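Following are the structures in question.
One chain, subunit A, appears in both complexes that follow, with subunit B as partner in the first and subunit C in the second.
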Partner chain A sequence: MSRLRTLLNSAGAVALALALGAIVLALSGYDVGDALGALAQGAVGSVNANAETLLQTTPLILAALAVAVGLRGGLFNIGVEGQITIGGLFAAVVGYQFSDQPLGSAWRLFHAPAVPGIVQMVLILAAGVVGGMLWGGLSGLLKARFGAHEVITTIMLNYVAIGLVSYLVRVPLHGPGPIPQTPFISKAAHLPILIPDTRLHAGLLVALAVAVGVWFFLWKTPWGFAVRTVGLNPDAAQYAGIGMKRLVFGTMALSGALAGLAGAVQIAGVDFGLVQTGFSSGYGYDAIAISLLGLNHPLGIVLAAWLFAALRSGAGEMQVAAGVSSQIISVLQALVILMVSAEAGLRYYVDQRRKKAQTVANRASLEQAATVPASPPAPHQSSVAEPTAEGPR
Partner chain B sequence: MDFAMFIALLAATLQLATPLILGSLTGIWSERSGVVNIAIEGIMLTGAFAGYTVAEQTLDVARWSLGPIPGNLLLGVLAACVAGALLALVHAFWSLKLRTDQIISGTALNILALGLTAYLLRLIYDVGGSPKLPSTLPPLFVWNLTNSHGETISAQFTPIMLLSLVLVVATHLVLFHTPWGLRTLAAGEHPTTVRTLGMSLDAIRYTNLAIGGAIAGLAGAFLTLEQVGQFNENMTAGKGFIALAVMIFGRWKPFYALAAALFFGLADASQVLLQTWGIQIPAEFLEMLPYVLTLVALMGLVGRTRGPAAVGQI
Partner chain C sequence: MAPAVQLKGIHKIYPGVIANDRVDWTLEWGQIHALLGENGAGKSTLMNVLYGMTRPDAGEIHVDGRQVEIPAPSAAIKLGIGMVHQHFQLVGPLTVAQNILLGCEPRLGPFFHTRKANQRVADLADRVGLPVDPTARVEQLPVGMQQRVEILKVLQRDARILIFDEPTAVLTPQEIDELGAVMKRLAQEGRALVFITHKMREVMAIATDVTVMRAGRVIGSTTPSATSAGELAAMVVGRPLAPVAEVPARLGGEVVLEIRDLHAANDRGLEALEGVSIDVRQGEIVGIIGVEGNGQSELVEVITGLRKASSGQLRLLGEGIAGATVRQRREKGVGHVAEDRLRHAVVTAYSIADNLVLDRYYLPPYSRNAMLDDRAITRNGATSLERYRIKAPDARTPVSSLSGGNQQKVVVARELDPNHRLLVVSQPTRGVDAGAAEFIHDQIRQLCDAGAAVLLVTNELDELMVLADRIGVMFHGKIAGWRVRGSCSREELGRMMIAGAGSGPLPGGAA
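Moving on, here comes the complex of A and B:
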């Protein structure tokens, strides 16, 4: 019931954010109806639009799950962007080994026989997981072994990942053709298309399955319990005998693995090779917003990822049809987060006022009871203790 | 390396470090009073945009000048500081009044700043981008030196660059040697004490966030009005996040943060130096150098850091 209320309130906050966005558009001198119509058309207006939105949703779900696992364990992983990139690198490098096309000057690591496509797919996704796990795990290791703050190390490793991929793709992994990018993976390894004549691929199903898996892990397994305990109260976790160092390392490695999978899914489903600039779509930063908007819960994340993807894929249509710069989407996304969180804040005050009113009523009945000695005293309502919100740092 | 080279490297280091010094001071002001501020990047970007736009729009109006500094640039710097303070106050309102998780609010403001500046840039200046200002903030003093080859090398020291050093000292003095600083530290370490003494926790935090925001706005003005002379989309390019790292690296202390920022600047500056010396290392590795060095330093030297105890609590 309360979850339903949360959902409805969030929907209201999203509507309010869109209304504010409409005001911004009106102040800028655009026809609001045209603009929002084009946005909706581009996001959900046709089979293809829906497919494109779901296509964009896929990496966002995985990347946001990566952020959420970190935050649940009390670790703020700003390095999802870098982990996606390294995951994509590993996936692309493993993937093109199976290609029967010329590789240009790109390294051949092993001579692969013509293995079935499904095996290639699994290996590509696994490679992405390993890559992301290494990159995330490195931050975890630095924290566990040297106490280095994960916010610093993940930011630094983002830049290192970008530099590394940029060099590798330019020189030793440069595929055939003038553009610096890795050779493409073989056609057999492409993730199957879900809806004919669209680009929507089976990666969406992978992402949804992983979302269920993350939910199961966090709430139904002892390891997930340990992760959440550390996130909620590190002192209690230590007292309960949870090995903090191993857990920090494990949480970051898992978080990185999810991000790496996002990169691999992009390679196997959409891009088929990695360009010099990596993915450069800012998935990692959107992921932080989505995870927070989805209350770090897999279900919330799936919904929030869809919303962000819809805005992303509607933006192009809005730019073409209504001439509105697609940058307005970032403004809308920010407004959505601000409104949803403001709504939660306002609800706190409403709840507090209700409790205060109850306290006053109780006190009144208490005084009444004092004047009539025969009646038993009403239970005393203690004043509400201030909840403290602990940031992840 | 001779003396002239050394001074030139020093000036280049300071120039590259300036946004990081200012950004880390922003972090120190807000986190020392107990509010997590990861919106430094967004505030910097907003300051850069506001500073540029005001300076560009008042080009024909503000024809006066203060010493060597043209009036429009001065107005721009002020606008950058005001815009930065306002955005920081939005962060304060959301995290203190509306009780939003401070990371959420900061993330939202980063996204908002990135989107809104790019959107307004397109709206005001169309696809052509922002026109370059006729002048940027002039150096307050230039040091001309002759190196061992007899060439003249000039090290330029510009206003905001020097102001950032002044602000480091000022932040240190205010935080550790004034009543206001003690209140700030108390708000960050033990907020209940502040409440018990009958002081307004919110007043302390709002004020500190606004001061920090103005400093980050100044960092933005440094980019547009002192270095580049125009505004480009996402021109902070992660400097606000590196500033956050610098703050943590500098253990939430102004002078340590200065040292950390200079370390970054030096790694950045020596990258240019190595390239001019013709040392054959792929450019990408040189660009990675500051980040790798930070990671190595974290392993050996200053790994364990502890922030203000009550940071994030309201």
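Moving on, here comes the complex of A and C:
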């Protein structure tokens, strides 16, 4: 099974989902052409549309990388949403300490000297990483020490994170003004804009660099080797001397750190302060679908994240220009996920068909060979196809 | 009468390998037909074709004189073909009767009719002479009994052609004898049996006919009466095997592994080791044998760090290691060939090269400056590939596409490392051909001569008799007695394994 074919299959699944989506649109009484046109317009129709799509791609890449690192290590981190939230919280709190605006009733943790913007940015992003790492690491610790299943603990910690933030921004972190939100970070700490007159910021470059970093970590470092070994065969990992407890903790902490970075990037690039609700707006859940669609591989994830972002940002235009309910977009996304899972079954079927065809072809060539005086074939003959070791590298 | 099975021109190509090269082969009714050949010769592939698990690229299958298509195991079952898999396909928590009747259960309304099912299985077992307890839970049965359940499952579907792919690899000597008797009875009733094995002793004792394969081709057929075990082995390997040199039992030097009054529980929390004491010295091979379930597996796990001891002492070169992690033990020089290779010893999705560094990937030269060195890993893989004659296109081939014996060679190549001080070797030649077994035995002896201490745990009496300097028989979680090589017979050891009796003097063993 070649890597290219897997990729093509995923693309096929997406195309099929869009086709089914079109049918759903038609059945709901919309003009399919108008609706899909608006979707495309909103997603890629202008410089600004492209910038908005890439803006949404950024946190999705980071969040999906968080999921992928967990899955490669055999851990199902459903708590990315909560880790993004805590990462955002840490980033916002550290960030506003440097603000020269009044803080309202929000806690001042330290008196920040006037440091350059770039230093502030780094500190904000680092704070997000630490926050996510703590939150993810907590689930890792619970699993390593007490055997608590990470699916349960990460879901629970999602609720804790959201409740915690909702309390904090209303009381001890309430900035100036009536809206419950933290004070804003200073202008100097905003991530630089990549395309003038759009909101697209340098967080995208951070996300892409991190994607490369995750790839490097998983496939080129000894720790990545250990993570993948545990994910593929935990019994063999233990037998080979890999410390399972440390590894479970480390994998969850790393996964959380990536999610926390997503939260921090949103603070430093888009939101600039933490509002009471809707900070992450479901990035952590989309991330699971994106990671699976992207075959838990950084390259696949970047492409899949862009696709989900395009659907997200096209949704607005579809709603405004074609009057399509935004829920149809959710249906579309659900269809993509459904098709991707169905694709595994499809692949099996296609493989069977292909094998049959191959058999017929080989038989034909053999019969042909039989008419010619056959020379005995070499005992082992190297043929063209090179077997792939263990998935995409 | 038409032959049971006739294969004509079966051809199967995998990337880089011709697994079956226009194989013609005939199986007659009433035969127990042994299929022999080196690892990777194509035996399993050929039988998988017959059972519908692999589609051949070319060739015809005739069953009972009629040409047939077998696209899936279900088609094979309809034709009366059954396969006893090496990895049992049983549902552990279910009873024997439930397992055997799975898919065609007698019902009482919507429910499983337990009484009727038990009766039916008892009748079947009676008819074919394979007594089992229909109400026993499968996971609590010894391996030999589980295999019997597998055989009954196949017979229940009226299979007249039975394929056994390396059925004896997991059995103890007594269980092998029993299986042989069962197979002979099934053949006498007119069924046709195929029997894949690497043990010439079993071929001579059980088979009626023999076919030898090499590099995907049939290279010859004979009968056991027309040949000898040595001749057969030579035919398989393509060269005569050197007779095992008679070396007097070695005495060994300083104590490398010291075990004192070791206790440990098994997975079910029951006491599996009830006070084991063993010394393994530098330059000696200590063999441990016993009927499955007498604590051998747990002993190995405790020594290698996969299981905690509940009490007792464990010292490596005088240093206590009872609390050490697996990695610490490995770094102190403990190598471990695990008995269940697929579960413990390989990551099948990884390449051969990656599997060969599974325990040392983080050390130079495989990792440098926090980076894996793929070139060094591949080079190491290529060296072992050649040295151990692992049959694969190259070191980047995933282990999942290797034949069973070649997977075992990967594990052995990694663990028989000259830097190891103590080798804990469980079933080292499980599934490998006679030539490779000879090579592995030589390696173990050489490492031992170079100063390693070896603890060999095996079900195979022959292996034990040629390798071990001292033999301890395990019974009910204890060492029931010690024998020195050369001063005991197979029969005596067999008796000790079953009865635990005969605790003689403890030559060189710990008091």
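By our rule, the second predicted complex is superposed on the first by the 348 of 393 C-alpha atoms of A that agree within 3 Å, B and C clash if a C-alpha of one lies under 4 Å from a C-alpha of the other, contacts with A are read in each partner's own complex, and residues count from 1 in each chain.
The rule is short, and it goes like this: a residue touches a chain if its C-beta (ideal position, glycine included) is under 8 Å from a C-beta of that chain, and two chains touch if they have at least 3 such contacts.
Since we're looking at a predicted model, the values are computed, not measured.
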| item | value |
| --- | --- |
| Which of subunit B and subunit C A:281 touches, first, second, both or neither | neither |
| Partner chain(s) touched by A:233 [first = subunit B, second = subunit C, both, neither] | second |
| Contacts of A:163 with subunit B and subunit C, given as first, second, both or neither | first |
| Contacts of A:198 with subunit B and subunit C, given as first, second, both or neither | neither |
| Touch count on subunit A, higher of subunit B and subunit C | B |
| Touched partner set for A:41, first subunit B, second subunit C, both or neither | neither |
| Partner chain in contact with A:331 - subunit B first, subunit C second, else both or neither | first |
| Contact residues of subunit A, present in both the subunit B and the subunit C interface | 388-391 |
| Complex contacts: residues of subunit A adjacent to subunit B | 28, 76, 78, 142, 145-149, 151-153, 155-157, 159-160, 163-164, 166-167, 170-171, 285, 288-289, 292, 325, 327-335, 337-338, 341-342, 344-346, 348, 388-393 |
| Residues on subunit B engaged by subunit A in the complex (per definition of touch) | 36, 94, 97-105, 107-112, 114-116, 118-119, 122-123, 233, 238, 241-242, 244-245, 248-249, 282, 284-285, 287-288, 291-292, 294-295, 298-299, 303-305, 307, 311-314 |
| Of subunit A, residues touching subunit C in the complex | 219-222, 224-226, 229, 232-233, 235-236, 238-243, 355-356, 358-359, 362-363, 366, 377, 379-383, 385-391 |
| Residues of subunit C defined as touching subunit A within the complex | 11, 13, 15-18, 21, 55-58, 215-216, 304, 306, 325-327, 329-331, 336, 338, 343-351, 354, 358-359, 361-362, 366-367, 370-372, 374, 391, 393, 396-398, 401 |
